[in-house]
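Structures are listed in the sections that come next.
In the two assemblies presented below, chain A is common to both, partnered first by chain B and then by chain C.
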Partner chain A sequence: MINNEISHESFSARIWRKTLGGVGVKLGLAWVIFLVFAAVFAPFLANSMPLLMSKNGVISAPVFNYLSQEDVWVLAVFFLALFVFRLKIGLGKRVLVYVLGGFLCAILVSLWIKPPVLIIYDDFRSARFTDVDWRIMPPIPYAPSDYLRDLGSKGLEAPLATDGALHLMGTEENGADVLSRMIHACRISLSIGFISSGIALVIGVIVGGLMGYFSGIVDMLGMRLVEIFEDIPTLFLLLTFVAFFGRSLYMMMVIIGVTGWSGYARYVRTEFLKLRKQDFVQAAVASGLPLTSILFRHMLPNGVAPLLVAASFGVAGAILSEATLSFLGLGVVDAPSWGQMLDQAVKSSTFNWWMALFPGGAIFMTVFSYNLIGEAFRDAIDPKLSRNAGVN
Partner chain B sequence: MITYLLRRILLMIPTLLGITVLVFTVMALSPGGISPQALIGGMDMKPEERKALQDYFNKRYGLDKPAPVQYLRWLNNVSPIGFHTDEQGGYTEFSFTKGMDLGSSFQYGRPVFDILKERIPITLLLNLVTIPVTYFIAIAVGMKSAANRGSTFDICMGISMLALWSIPTMLAGVLLLGFFANVQYLQWFPTAGISSREALDMPFLPHWNDSGFVRGFLLDRIWHLILPVLCLSYGSFAALAKLTRTSILENLNSDYARTARAKGLSEHDVLWRHVFRNSLLPLITVSAGLLPSLLAGSLIVENIFSINGMGQLAVEAVRGRDRELVLSITWVSGFLTLIGYLIADFCYMLADPRVSYD
Partner chain C sequence: MSQPLLEVRNLRTYLTVNGQDIKAVNGINFSIGKGETFCLVGESGSGKSISALSVMRLLPQGIHSHPSGEILFNGRDLLQLDDSAIRAIRGSQIAMIFQEPMTSLNPVMTIGDQIIEAIQLHQAGISHEEAAAQTIKALEQVQLFNSQERLKSYPHQLSGGQRQRVMIAMALACKPQLLIADEPTTALDVTVQAEILKLMRKLQDETGMSMLFITHDFGVVAQMAHQVGVMYQGNLIETGATGAILRHPQQAYTRQLLAAVPENMVRTALIGSANQAGNEPEANQPASLLTINQLKVWFPIKKGIFRKTVDFVRAVDDVSLTIQQGQIVAVVGESGCGKTTLGRAVLQLEKPTSGSVKLDNQELTGLSSQELRLLRRKMQIAFQDPQSSLNPRLLIETALTEPMKVHRIGINQEERIELAGQILESVQLKREFLWRYPHEFSGGQRQRIGLARALVLNPEFIVCDEITSALDVSVQAEILQLLLKIRQERNLTLLFITHNIGVVEYLSDRTVVMHNGKIVEHGATTQVCGTPQHPYTQKLLAAVPRLMR
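Presenting the complex of A and B:
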């Protein structure tokens, strides 16, 4: 007898289950979570000042006095995200609460947090901070811009070199700790990856959606625009944008987003061209719904699956773009980033493998993780394109 | 056929125009924009000399005019048909035979055309060597893992290809250069350029003479190209190998392959004579997108290996805010990409008789 079991699993639940089934995707997610952790808690993981110390019976935490506005904001937003995740409200409201909360945090932080303008790292190795009852140092006791002048560091120490202070991944030319710089650089890579692919996604969905929904002349003009963006090698377009506009982190995010939307637009267009003549869309049009409602509430959820796959590959692409730009010397100037560290390794007079291998390896691991996640997603959504296609 | 070709070529014109408009807008909207002041920058010179240079730039490139006028002026110079210009920058008569003038570079003070003529062949050489290497390895690996599907080889290849695809080109380049072309480690390959100084005087082929083995121009060139080509190719062959595998597996399970087996053909014949050709189609489709990614890749590779190709020129041009050079590089690379798409479509037709463009 055949046991007819009816699956009550929803489409999205099935996709999640199938995506998270593999080993590769778990490793990828673990690495990304690890990076998020490192990015959020960077000042507590790698810094020159003690986390907690007791002097003459008075317990103090010097690290809190030196947190920058950015550090505090990132921490606040991280805990806000955890809080919003626990709330039992709809997705749209969650996003709204999160964005508003983020803005509120930014305003409060800029009003209240006034970190010292000048930090002299040598102080933390003077008697004021060392002559104490007990103290807890961060796991990596060097700040990213602490050049260890007072320790007589000449820079370019190999990893685990025994003379002088211990550096797990060596030091760069100026004497700063490579691992510490890498931990602080996580922020740039992660934020660029998420925000710029978010920007690209929004532009792509709007342009592609309009093209697919209206078709005809709008579609033709839109496709020309997509082609223009596709026919210039993306890296070259990025280079032009970055060279002629500023070098700030936010500008980079916008630029990478603005140059990377054409792929998403293509996906959405194809989906919407398929959907626009279907009954439920015709019904929505007939009931006189406004355009935004038809496009985003009725059509988009039905065409979102391939978009998510493209987005997870897009995050990898954006991280790679930032690294490449920094590598070519056109990246963010004032903060270390993985690509810029790789560039340092090339510019250095001698070849020091630790300066190239560790930051480059971090870029590789991150891109690989996102590609693994994207691939698992694609296998779950579209079995025809799967890695295991045709095997059984 | 001819009408199709003509239509495709005519469709290229709006795209190329769009590309230049886009890049020109980016340059014009940027803070500071393109002005003679920005170009002269911190150069140390007397006020009257500075004034003279500014006037020269203004007259030569019309930099004091509004941006749309500047663009039209550039377009008129570049397009093969348009108005003649006289010494004063005025327009005289309309002509169909005036020829293209790409202007001259701000930075180098040389005609852009001459610079591009030197640089483009180098980049094309790099890419044209890379593409066959890529396809050869990709097809070999893809066929082998498809033929032994589910085997250890297949699984290892699946993972390592995704890993290879994720390795950033710059990391691979820096490590290869550091370990294989450096005095500190193995000094097997040259560090920079695509040929040695002395190789230019050598005969083409390798041979023996009194002083011993002479490697000749060809061998020297290959020796210089090994590392850059390795760097350029691994990413694309990883992607292509996965594609080959999927496509061959799909075809191996199709009805016509089963029929061929049922007729008693050997598995070898089924694979090579029946399935192989059909599996090529997606590979050809993808090849169109390969060229832009290779051009972008050569931008990084050329910078790492100090090869004087178009990629390095592009970085120099945008750094120096060299308007004429940036615009020309943009439309030339866009043009090469479009030609790549066109060639891919024709190859598609050759490989699949069902496709026709009439």
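Presenting the complex of A and C:
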């Protein structure tokens, strides 16, 4: 009697609608989308070279000559994601196409793109680039590692200081623009969050799914494995690896992923144990469906919801791990990251508020956004909570 | 009769959901005299529980409103009282017992403490010892023996029937004038239900209290009620003395509801099954399709660090049964008797401990899951719970065509969709329903889809596990008629598992009565239900609440 009008939307569509219903989650998503945009288009947003210029009637785009392999790959993968999103195929196939496409892009990029080894940023302010008919510069006309020596930057200029060039967020001790570094640092935070959570999810789903479906001895051994991995202190493991093998972002991603799957495995195991005896799974068994279909078509989609919640919190956790490591001075050297910028702020002789506030605020906002998204997800999945949260 | 104890006048209860008003109770009038039982009967969603909760003023604040109406209890309008006044009446003058005895007791308190608390709350200044003495008396009153020790037991240590007795003891501890019972026996087995109903009648005679009894079961109505009110979509469409309503219903809806009670359906269907029995001389018996021989399903009970098996739960213990082609065999028994496990063990969804199951002379036990997959085509299952029997993430189309694809039925997807559409139509659903998700259907529709899923592989044999017990009686009647129709069209063989004797009498050709994992009686339905031999069957049949006695 209460449900007179029946909705025709699918279960997942309903979850999405409920998740996106709240205000907090919209703000969180907006921030994450903004970060993605900044990360993908960083070389066009903050760089020292002109985006487009016309010299003696010849139009050229110098920024493309200086794109690194990483820049091109990130762009390619971004547009691949948009393309895959439009494809009308199943989710599993989409993921497959995306992963394969990503690898293909990586191979092509490493073969074809050969950026100059050394970039002398002072050149872009020489007559070769300034004495032109017209030119379009990026919104922030400084590269993250452009120390502006030719402009006589002394470093540690406060934001909007009027002597010399304009820096919206000031400069750091070497004289580089803080805002430019902030934009380029988005990449590390986003990629470490997504990739390490992705690794953890894959391992967690496989181990947890096998434990839940087969139970018995498999479950017993699996749980012991989970307990072993839960006892590994990730931060100290990271420190040890940095000490032995040097600093590498990819190593950090793998270590955070490989040690962080135990929570996901527990979730999947519990869901599968519960689903295993559900009538529709029994009906699938009684219809003689193959095991892969039972596991991945009938069980996993019904048990994936709590996993997504855990994953969104996991992303936030991974970002914090990287920030902590960089703050301790053990992060990546060659590219800026928010944690590393915080470290700089502390190490400089005087306290410069702009060097601490902006990266610290960005870390806070990002972690907060992921937590908001995770909570909205959780509330949408739990019908009782979704009523209370007013996101009906 | 003097002034009635409770008089409900033109009561309306509206619930606000998502900003919309739902007229849950739409202007009902009834009255209950002292010592009288008034039964509200109706299907789910008819507003009978909401009416009772309105009387108790137990509806959640903020989402309900009473646009009109008076609830006069001893001449005072309950709707006008403030919270403290209503709290003084609740429990001490009006008490309530609920359907689910599992959840209506606090699991972390002993039952003694719970009853003593209720007594101390309503009788100011009573000492703990006095309250404890009253509690023991109350427990003895509901025939819960060993009451001294029972005081210290926790709810999980009691059976469902015992818990409901505790609930009644708690409700009656303060000697209320009115007891509201919201489906108090629905979750109980039929023999336990009979005891509880008997107990409630006895207590009513002793204390002279009135009862507002809510149920969906006309058998229970016939046993309990002095007056009956039939509810339909928030309206009380018919009230009157029990005998008059049951024998000469005035309203079309009441007639329809009574006709849907399996006991009444039997009269029209008897001719059919009698014919079948007549056409079935011993010499000309059809071939047996399924042979179960000494089947055992034992679950080990493990204890200690080394998980040593100390004993077994004998869910199915030495069951032998032969089912002929085209027959409907009903398995009846109370909860925990092993009937569901038997159904699953036949389909090899539960691995039997020993014994054999032969389908078409093909041995099923001991086959690998690969070999079984090919045979699964011949045998299917339909489930009890309409909520969990369909995968919420898959379109009905996918749920129906995927098994066909695996078993190579149909050349391509278009043909399979066509077949699935035909099968949906044969279970009296629309073809367009293929493109919907399970949550868009009502319980009865989902059960039909569950049947359709069992039928897509064109099986010879279907296990129906309590497929109608979660449904309203009129929907149940439709499903039962549908089953008979499908059986005739496809010459299907059904193993119908149920606890409802009325359904058995209506539907089945043969009946198997199970108790504690064993078959206690087995024979033609007319024989088993007409002249039961085994004492357990006799007890079971006597406990069934009948419309006419």
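Worth pointing out:
Heads up, the rule we're going with is that the second predicted complex is superposed on the first by the 346 of 392 C-alpha atoms of A that agree within 3 Å, B and C clash if a C-alpha of one lies under 4 Å from a C-alpha of the other, contacts with A are read in each partner's own complex, and residues count from 1 in each chain.
In the analysis below, contacts are C-beta pairs under 8 Å (C-beta built on N, C-alpha and C of every residue); 3 or more make two chains touch, one makes a residue touch a chain.
Just so it is clear, the model here is predicted, and its values are computed rather than measured.
In the superposition on chain A, contact of A:Ala286 is made with chain C only, not with chain B. Chain A is touched at more residues by one of its partners, and among chain B and chain C that partner is B. In the superposition on chain A, A:Val178 contacts neither chain B nor chain C. By the touch criterion defined above, A:Leu67 reaches neither chain B nor chain C. In the superposition on chain A, contact of A:Phe241 is made with chain B only, not with chain C. Looking at the shared chain after the overlay, A:Leu328 reaches chain B, while chain C stays out of its contact range. When the shared chain is aligned, chain B comes close enough to touch A:Leu342, but chain C does not.
Judged by the touch definition given at the top, the superposed model places A:Pro301 against chain C, while chain B stays out of reach.
Shared contact residues of chain A with chain B and chain C: none.
Chain A contributes residues 24, 224-225, 227-237, 239-246, 316, 320, 323-324, 327-328, 330, 339, 342, 345-346, 350-351, 353, 356-357, 360-361, 363-364, 367-368, 371-372, 375, 385, 387, 389-391 to its touches with chain B in the complex.
Against chain C, the residues of chain A that register as touching in their complex are 1-2, 6-12, 278-280, 282-290, 293, 297-298, 301-302, 392. The part of chain B that touches chain A in the complex is made up of residues 14-15, 18-19, 22-23, 26-27, 30-31, 149-150, 158-159, 162-163, 165-171, 174-175, 177-179, 182, 184-185, 242, 246, 249-250, 252-253, 292-293, 295-296, 299-300, 303-304, 314-315, 318-319, 321, 326, 329-330, 333-334, 337-338. Listing the residues of chain C that touch chain A in their complex gives 15, 17-18, 22, 24, 45, 233, 344, 347, 349, 372-377, 379-381, 383-385, 388-395, 402-403, 406-407, 436-437, 439-441, 450, 453-454, 457.
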